[in-house]
Amino acid sequence: MSLSNWGRWGADDQLGALNFINPEKIIQASRMINKGKVYSLAMPIHTHKTPYDKALRVAPFHVLTRDGGDYAAGAKRVGDVQFADGYVFLNTHGSTHMDALSHVWYDDQIYNGFSDNSIKSKGAKYCGIEKVKGIVTRAVLLDIPLFKGVEYLEAGEVITPEDLDQCAASQGVTINSGDMLFIRTGWLKMLEENSEKFEKYEPGIGEACIKWIAEKEIIGIAADNLAVEVKPEEREGAVIPVHMKALRDLGVYFMELFNFEELAKDKVYECMFVAAPLAITGAVGSPINPLAII
Amino acid sequence: MSLSNWGRWGADDQLGALNFINPEKIIQASRMINKGKVYSLAMPIHTHKTPYDKALRVAPFHVLTRDGGDYAAGAKRVGDVQFADGYVFLNTHGSTHMDALSHVWYDDQIYNGFSDNSIKSKGAKYCGIEKVKGIVTRAVLLDIPLFKGVEYLEAGEVITPEDLDQCAASQGVTINSGDMLFIRTGWLKMLEENSEKFEKYEPGIGEACIKWIAEKEIIGIAADNLAVEVKPEEREGAVIPVHMKALRDLGVYFMELFNFEELAKDKVYECMFVAAPLAITGAVGSPINPLAII
Amino acid sequence: MSLSNWGRWGADDQLGALNFINPEKIIQASRMINKGKVYSLAMPIHTHKTPYDKALRVAPFHVLTRDGGDYAAGAKRVGDVQFADGYVFLNTHGSTHMDALSHVWYDDQIYNGFSDNSIKSKGAKYCGIEKVKGIVTRAVLLDIPLFKGVEYLEAGEVITPEDLDQCAASQGVTINSGDMLFIRTGWLKMLEENSEKFEKYEPGIGEACIKWIAEKEIIGIAADNLAVEVKPEEREGAVIPVHMKALRDLGVYFMELFNFEELAKDKVYECMFVAAPLAITGAVGSPINPLAII
Amino acid sequence: MSLSNWGRWGADDQLGALNFINPEKIIQASRMINKGKVYSLAMPIHTHKTPYDKALRVAPFHVLTRDGGDYAAGAKRVGDVQFADGYVFLNTHGSTHMDALSHVWYDDQIYNGFSDNSIKSKGAKYCGIEKVKGIVTRAVLLDIPLFKGVEYLEAGEVITPEDLDQCAASQGVTINSGDMLFIRTGWLKMLEENSEKFEKYEPGIGEACIKWIAEKEIIGIAADNLAVEVKPEEREGAVIPVHMKALRDLGVYFMELFNFEELAKDKVYECMFVAAPLAITGAVGSPINPLAII
């Protein structure tokens, strides 16, 4: 099989694997909802707590420009009104987030062959995050450490296609076309123990999973770490190869820094998944608060 | 009936009217999904296009810190990898957004009686937006200009409880406990015609709707304008009185700058509503990309 | 004479006309100080007051992340210590500022022939503002409206070399090699009257001044408007031609949004000038607080 | 003698020790200029290089919103014009900077008895940095490690009044009323060796220097570290006591993260000092590019 989806949905396509979601899939996803429970998979956005790639980025920043303290100090009211107001300064990949298809590429072309010249300082003309109006589909959680009988996978530990298949089988779930895949590695544990290690290394999927991803026709992969894929990489010189092939060639969405702890505790292995990236014109990713609904 | 929900769900409650949503409500909402179609109700986040209260706030700002242009100009790659990365600087109320229950108040107390001293420069201790893990419920759209036979309501035009009831009846929908209410005023049209007028004045609900809101037990109200409620206000000296009573006393969520044009065109009057605010610790609101799913 | 200084100070030069300042010039400038008085020529940096090019940029933003209000609301102290802390978000050209020689160019080459490929998202490799360690020289103020007998020049009014020469003569000052030139147009008056007009149009120097600038060997020009040069431009299709030629070809520094009102009132026509741009690596300009000392 | 300057220059005074600078002092300072050489004492403002208190603040951030890369990727020009433009996001104390007199205090009152209720989210009403129009005075550099015969002082090493006096004597300089004091500790060396240690601990002046500062009538103190004063502090529970007394009680200006290496190498022990904080309305400090001129 081809490991590229370029042209599969037309020369103009900017959605990639999201094309696997059709109306029936959305209806099917909605039928995952039988308990009426909503899980937020987001990690807190907090200057001094949110992990991020410190070599590349700066921390999220939040501040109030008007607050209760101002009134305590005598700030005037307009009529009876008191209010608080604030701002956030966020890297679009610096907390729980999803990548746009314009986030990573090679050979000067992004997904579906668009020239990377279309990505300038103000944003991406093609495959910007605003093209993703909102994702609603079924998601499957694979709890790899539970399957392997460990608390968490180790730094650099590679998750293979066999791991994914056998874990799914052990959980009694199947992965279908159009599904979102949640991969729990347990690595969040390392955030408390050693945040520097959490950010620098991680267990994750390896290159062998690229073909598996293509075959399963999943629309995206989220993990409880910074990059979904294993760090350090398996081969010398192969830098984030799963992103390179799965995001850029297949149009599959990568989402990072998800918190699956509650889902795992409740043994929720399938759910309706909703992700609604901010409609930032031309952004190459977006912070999100992903929801799992059952 | 009391026009306050303080204490109704306990002295510690920080969720307010979201308590009207129970598991059955979420399951019922999911059954709105029969066509498998997702509508994004967000307006674009764009420095020079997003409307906002210019006297109070600054425009949203987005920039890439690495882009295709950098590679065109010779930027080095790590291995084969090329990537784009960026940041947003956003007022938490400056584009399509939802207010937290800590956003507005009077008499030094926010919803449920928490002292406004709990809201300091770094954020709100109580009723911050992170307390809202994610909203999933049924929403009803009332298309007021369609009901009134106009293209859009006028600046300062008051929407009354009778308007809401009769519009709902004309559309054949009922509003139930736990529902989200979408009010279309058509005012977005003014954004193209006169953005300054759009930002300064607006049609919206009047004070008489406060009792109606309490009786209907709705969890929130969104509108296609900057403040949901009418501007200028009906009474001299009564500044945003509907926010004051409905948000602060009743714990009802206000959401602004929604785009209902597609829903209205498709005559979608009920749907599953999903809003997932960013998990910003202590923020008094959040930009959102609200979804309507049918 | 050549209207280019490329190569004049070596192929590697990144300082441009600042090379006209030698140690003797600095000593001479210091002898302007005989009264012991310091004038700040900066306009306030304030979100809602600072003028800027609204089509291109966003307003300066300042906020405290810790303040007296927080303590009034009960914030804890560490020992006895109370403190305030804050942040600014600034366009490097959005308040009183100086341009780096990497700010504007044509034909893909900046001052001295450096390729504009050297200016990427993170900053300029050549001619970034950090190359200007600090400017100390003599400055001459030309008060053009006083010379012309008007309160202020009109929008689009062109200042000619003859105006400059005759104004200098009428004030009894000469302009020497290595001097900084202050041009007062009176246009700040328009900021109070009509800020939109202030930002869109302005009186300023015309293209004929380029040769004059080259001959005088001045190091830079500051004005009390947004662009130093006249807007709209004199010729159709010639966009900011004085910047194009004087900054890019001659290496002359442009500084904008200066406030000369106090200097003019005190009839201070020569002074020691000190400008110390922030040492932002690779920035193409910097906010400054320019000082005139007599 | 009193260790307070409150009321010394009037109940309304917001300038503090800057009142020691009179016109004669400025003229005298200008006569320090005899070589025509300018030293910048600023450290680079750079996201990944500038040291800052990481527990309290976020890194400086700089980005271009238009650059040469955009043109390389095909960005359109207006006429012939190409340009670069950018933004900085800066803590007002996060790189080379000066504190305003509203930066630190105790007992709810800042310098000269103003209530700290005057410092709200948008800025300080009294003693904001914009009150300091620009500092021009004589500065004296004391090279303490040279005097002590070491490369640099150790973490926690206290500088005493005797050290200051003897160092000045050994250098043959006197410290006069209205002078600025530069204290070189050599601690910048630690920034290369161990940036975490650089930020957490430092050599600096101890509490005994407070009286010395008052007697000398200096206007401010700058050092090549993060806090001027010694860390950890000499007494348990006494948190930044020199700031508390000298800044708040005496109105003396503290400036941090200065680079004196060139001055020290050239054995420049007195100079004209110019510091021009950005005119940010109500800011409690400002990044600066301090100049030493001889």
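Chains here go by letter, A, B, C and D, matching the order in which they are written, and residues are numbered from 1 within each.
Please note the rule applied: a contact is a pair of C-beta atoms (placed from the backbone, for glycine too) under 8 Å apart; a residue touches a chain by one contact, two chains touch by 3 or more.
As the structure is a prediction and not an experimental result, all values here were calculated from the model.
With contact taken as defined at the outset, subunit A and subunit D are each touched by B, C. Taken over every residue number at the interface, the positions common to subunit A and subunit B amount to over half, indicating a same-residue contact. Across the two interfaces under comparison, C-D and B-C, the one joined by more C-beta contacts turns out to be C-D. In this assembly, the C-alpha centroid of subunit B lies 43 Å from the C-alpha centroid of subunit C. Averaged Cα coordinates give subunit C a centre that lies 25 Å from the centre of subunit D. The set of subunit C residues touching two or more other chains comprises 61, 63-65, 67-75, 87, 89, 116-122. Taken as a contact graph, with one node per protein chain and an edge wherever two chains touch, the assembly is complete, since every chain touches every other chain.
Contact residues of subunit A toward subunit D in the complex are 47-48, 55, 58-59, 61, 64-67, 69-70, 73-75, 89, 116-122. Those residues of subunit C lying in contact with subunit D across their complex are 22-27, 30-31, 33-40, 42-46, 49, 56-57, 60, 62-64, 67-69, 71-72, 77-93, 95-96, 102-108, 110, 115-124, 130, 133-134, 136, 237-240, 243-244, 272, 274-285, 287-291, 293. Within the complex formed with subunit C, the residues of subunit A that make contact are 61, 63, 65, 67-75, 87, 89, 121.
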